[in-house]
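Same chain, two partners: chain A is paired with chain B first, then with chain C.
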Partner chain A sequence: MQVFLKIWRQAGPSDAGKLVDYSLDNISEEMSFLDMLDTLNDMLTRKGEMPVEFDHDCREGICGQCGVMINGRAHGPLKNTTTCQLHMRSFKNGDTIYIEPFRASSFPIKRDLKVDRSAFDKIIQSGGFITERTGQAPEANDIPIPFETAEEAFDAAACIGCGACVAVCKNSSAALFTAAKITHLALLPQGKYESQKRVLNMVNTMDEQGFGHCSNTEACEAECPQQISVLHIARMNYEFNKALVLKK
Partner chain B sequence: MHANTLVHKLWMAFTGLFLCFFLVIHLLGNLQLLLPAERAQLQFNAYSHLLSGNILIKIISYVLYASIILHVVYALIITLQNRAANDKGYAKDNRGQVSKWYSRNMGVLGTIILIFLVIHFRDYWYVYKFGHLPLDSNGDKDLYTLVVSSFQEGWYVCLYVLCMWALGFHLLHGFYSATRTLGVYHPKYVRWLKQFGWLYTGCITLGFTLIPIYVYFVNH
Partner chain C sequence: MALDPKIPQGELDKKWSHYKATAKLVNPANRRKLDIIVIGAGLAGSSAAASLAEQGYHIKCFCFHDTPRRAHSVAAQGGVNACKNYHNDGDNIFRMFYDTLKGGDFRAREANVYRLAECSANLIDQAVAQGVPFAREYGGYLANRSFGGVQVSRTFYARGQTGQQLLLGAYQALMRQVAAEQVQMFTRHEMLDVVLIDGKAKGVIVRNMDTGEIERHGAHAVILATGGFGKIYYLSTLAMACNGSAIWRAYKKGAYMGNPSWTQIHPTSLPQSGENQSKLTLMSESLRNDGRIWVPKAANDNRTANSIPEGERDYYLERKYPAFGNLAPRDIASRAAKERIDAGYGVGPTHNAVYLDFSKALAEQGEKKITAKYGNLFRMYEKITGINAYKEPMRISPAAHFSMGGLWVDYELMTTIPGLFALGEANFADHGANRLGANSLLQACVDGYFVAPITVPNYLAGEIRAAKVDINDEAFAIAEKNVRQQIDTLLAIKGTQPADHFHKQLGRILYDKCGLSRSAEGLQQAIAEIRDLRASFYIDLTIPGTGNEINSELEKALRVADYLEIGELMCIDALNRNESCGAHFREEYQTPDGEAMRDDAHYAYVSAWQYDGPGLPPILNKENLHFEFVQPTVRNYK
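Presenting the complex of A and B:
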């Protein structure tokens, strides 16, 4: 099949970028979306042009590295899928495909489709952990955790930090990302003790990094590759309100 | 600690829920307009007189004005910060496919409601408080006749109905969103509140839409 691409090209963080047109023949529908971009880059390199830079790593939907805006949707037209798990069979012969970087003031563009998501790291650094040194892995049955609680915590912990929630949000809010970590730790006995400090610090850092408010449009849940539930945002709000009332 | 995004949202939720509560009282009062004309006139005017003289109602009305102002001010702050957080859009933007249109356009719906409120206050509240209304047979200011005569104009009724639908969509997202901001995370209660939100919105929207339409057709 043949596809026409409109790809955001930007030489560096402070350069002006623009959409550049490319066309590709002989694309098989079994190709993944990133294979298609590899094919394009191969062609560009042979012609002596700069390849399109994009983030990627595992290419099996678990690392959270890849992520671009495809035809105005985070990670492309499918719900709950990473860019690497999207295949060309989701497109038709002759389609025009817009490929843009994830956009948010807190995600500055490094080059082409590659954005700097270190604002997420700053949020995690401000409280997304347990302070106590745990040493060796303890005996698993020392601290009883009901199966359902463990599952619930794991659902939140499944966040891969890809940034699709921010990219799809009209306010570029990092609420889902931040909430997932807050719930994950608030549910478990080891995380409970610091939950008050954690939620206040992480929410403050989220604001300092320049992310917007959560308007509860729930678009983030629809695009999240890990299907992280928006109820975690509700849980974050609960933990935050509790901390506001109880903090000394 | 500086006021952050979640504190802004809490102010939106508290003021919004108070306004939701007020709408119920307002609608219940307005339902008197559906009574037979003579009875409606006396009863509605007596009710208006009762409200305007009561100290408790006076306090609630100041809370109401403050809520409207705070709701608007925080909405502006939130909108400006959100604009700053998302300075460049996408050349091709299909993000709307994964969320409801009214949840993304609360500001637009809110602006329609605010414009409506200005008209609404000007036409009734201002005239009642500062204008010269004739008195009914009980000696109360005749607000009823003012209301009924204003709903003789077809375009005015249409304007009201359209604004009430804007209010309806605002409430549909706003009520649910407020409970989320307050931190209701248990799936069962989230589900109940969503259903309650639909019911509440339906009653308020239909009630406020029905009254002008009823008054218009009864007198034509």
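Presenting the complex of A and C:
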């Protein structure tokens, strides 16, 4: 099939960007969306033009590196699917496809579709861990965890850190990302002891990094490739308020 | 030259405790004065960086991703092995040691393999304490499942995302040390050379991939934890940016390369569907617990899977290996699939796959149970292929997956360059000629959490009087100059073909001639073809743009330049080994029924290749493997 692409090109963080038109023939339905971009880049490189820079790596939906806005939707038209798992069978012959970077003031554009998501690392550094040093651990089965709790913790821990939640949020809020880590660790017995400190630090860092507040549109959950639930945001708010009350 | 792996004396089960009891220590005040560079922040790199930082060393950690959480450890699905014996099914350290050694076709070091098994139980404790949400039973205790190549249930798992959860545990520990300012993290930096001063590893040259800046960094020890190079086959289960450059640059500085040709070809990947494809997706091996592998009994059968009656299906693994059936080890399962595909029994539009069928399991256990175990994998399969595997069998095919080979290291995980260590998949140790499923996460973690934090300080104890490394030393200047020259050379070619063009061709040569099966004739051809390809690379490569900006074509070209050299060494290594063992199957050395024929009398050694200069053939050094505690047997899974 033939597709018409409108791709955001921007040389660097402080340069002006614009949508540039490209068209590709002979795109097959089996191709992944990123294979299609590879095909475009192969063509551009052979012509001596700069290829479109985009983030990608594992191409199996788990590393969280890929992610672009496709026709205005984070990761494209399919529900709960990363960009790399999207295939051209989701498009029709003659389609025009708009491809833009994940936009948020906390995710500055590096070049073209590549953005800087290091603000997420800052949030984790401020408390997204259990303070344990190698060597301190007790026998694993000395910490029994009910099946349901382990499953719920896993649901939250499954976040791949792609940033789609921020990109799709009208406030550019990182609430879902932050809440997922807070829930994961707060649910587990070994993570409880520092949950108060954790939630206060992580929420503060989220603000410091320039992410907006959550206003409950739930767009983040709708676009999240890992189906992380907005209920975790409710838990984060609960943990946060509890921590404020208990704070000495 | 015979190599000394520095294995501690004594009984097998006392070696590691004896080593730990006598290893040299560095007092806390001196640790603050010592710097360690860690290259790579996957499971092995993050865990080593965090654990050494916790001890008080100053760490500089580098990775080419925008955050350490993206490293390819993240993609390991099935699980991590540990001999906790929670199933009371006869598991223990010795049995796990034996399974791993046998799985590797008796081509690994006894002492290393024993240590891997010995530390496995601790790793589960460590991960649970970090908050890794492993699968649990209703009583709240940890759940286990069985995995290919063993007869006990010792695999711990977190749905199909075990690698992700273990990596996040290590990443979070690393982030904690970044916050504590014990670790300086350099993301989007790629290592381009190791710097040696007076024969010791004292630093690295790295490229900032966002600005193109070339930087010098010095330290008292350098740890490489840069993963495997299976992406050399182009189509593989690895992430796009996985590469062999760091270990190759170390090789060219004098570190020996161990068994470079031993690559695991994973049996349960999705088949190639088109020419523009850049990646093969892995389906977890755990699927083989309930899926049955088959092809039609008739060659070139074009009927759909469901219209082929039971009696006309050949469940070839069950037929050939009744004791292990569909759970036969990876090398055997992959070779059996290739044998059927090559003989004309392959399925799918291009007849390049075999079926993995869940209909029996679905009938026996019901859809709900199968969904609970493999739901995410079935969803992923449908996303990629558009096929519902509850209704018709999956199509799978072998794909390059894991490098058993890598930098040669001694018992302390130190390469032949003093002060240069290699951890995880970047080293050659522990897995022999074939890695068992769920042992890769284990090795990365054990190396990073438990081995390096003992052995690196043992080395550093001799460095406490060494001054801070001076990055203005001439050795840094020369290394930087060479790196700059290489980049300029590649940019100046200005030919017509992008780096991927050469990478694809190299991949085809290696897959055909240095993949699942090899022959002397094919390998000699491959060496000649690779040399030609390398020559054309330096004539016809094109890279748009410059070196002083984000330039993914330049990044690829630098990696491919190294792959074109690694590929040749792989073939030389495979050609030298006139036997079949594990993943290394030489067509000349097989039994009448097509099984591998090992030659313990002549090849019970590790091939450790030494760089001898540009254009010169590498020098073979041998580390003879001594089997003191088990006798190598013919590896029989029948």
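Convention: the second predicted complex is superposed on the first by the 244 of 248 C-alpha atoms of A that agree within 3 Å, B and C clash if a C-alpha of one lies under 4 Å from a C-alpha of the other, contacts with A are read in each partner's own complex, and residues count from 1 in each chain.
Quick note on the criterion: a contact is a pair of C-beta atoms (placed from the backbone, for glycine too) under 8 Å apart; a residue touches a chain by one contact, two chains touch by 3 or more.
All values reported here derive from a predicted model rather than from experimental measurement.
In the superposition on chain A, contact of A:67 is made with neither chain B nor chain C.
Shared-chain residue A:104: touches chain B; no touch with chain C.
Contacts of A:225 after superposition on the shared chain: neither chain B nor chain C is touched. With both structures placed on the common chain, the touch criterion links A:76 to neither chain B nor chain C. Set against each other, chain B and chain C touch different numbers of residues in chain A, with C touching more. Once the two complexes are laid over each other on the shared chain, residue contacts for A:215 go to chain B alone; chain C is not touched. Using the contact criterion defined above for the overlaid structures, shared-chain residue A:163 touches neither chain B nor chain C, since it reaches no partner.
The part of chain A that touches chain C in the complex is made up of residues 12, 28, 30-32, 34-35, 38-39, 42, 44-46, 48-51, 53, 55-65, 78, 81, 85, 87, 89, 110-111, 114, 116-118, 120-121, 124-126, 128-134, 136-141, 143-147, 150-151, 153-154, 157-158, 160-161, 184-185, 188, 190-191. Residues of chain C that touch chain A in their complex: 47, 50-51, 54, 65-67, 69-72, 74-75, 84, 86, 122, 124-131, 133-142, 158-159, 161, 163-165, 168, 171-173, 175-176, 178-179, 185, 187, 210, 239-241, 273-274, 276-279, 281-282, 380, 383-384, 386, 449-450, 453, 496-498, 500, 542-545, 549-550, 552-553. Within the complex formed with chain A, the residues of chain B that make contact are 1-2, 4-10, 78, 81-82, 84-95, 97-100, 103-104, 106, 173, 176-177, 180-185, 187, 190.
Only residues 6, 8, 19, 69, 71-74, 79, 98, 100, 103-106, 168-173, 200, 203-204, 206-207, 210-219, 222-223, 230-235, 237-242, 244 of chain A touch chain B when the two sit together in their complex.
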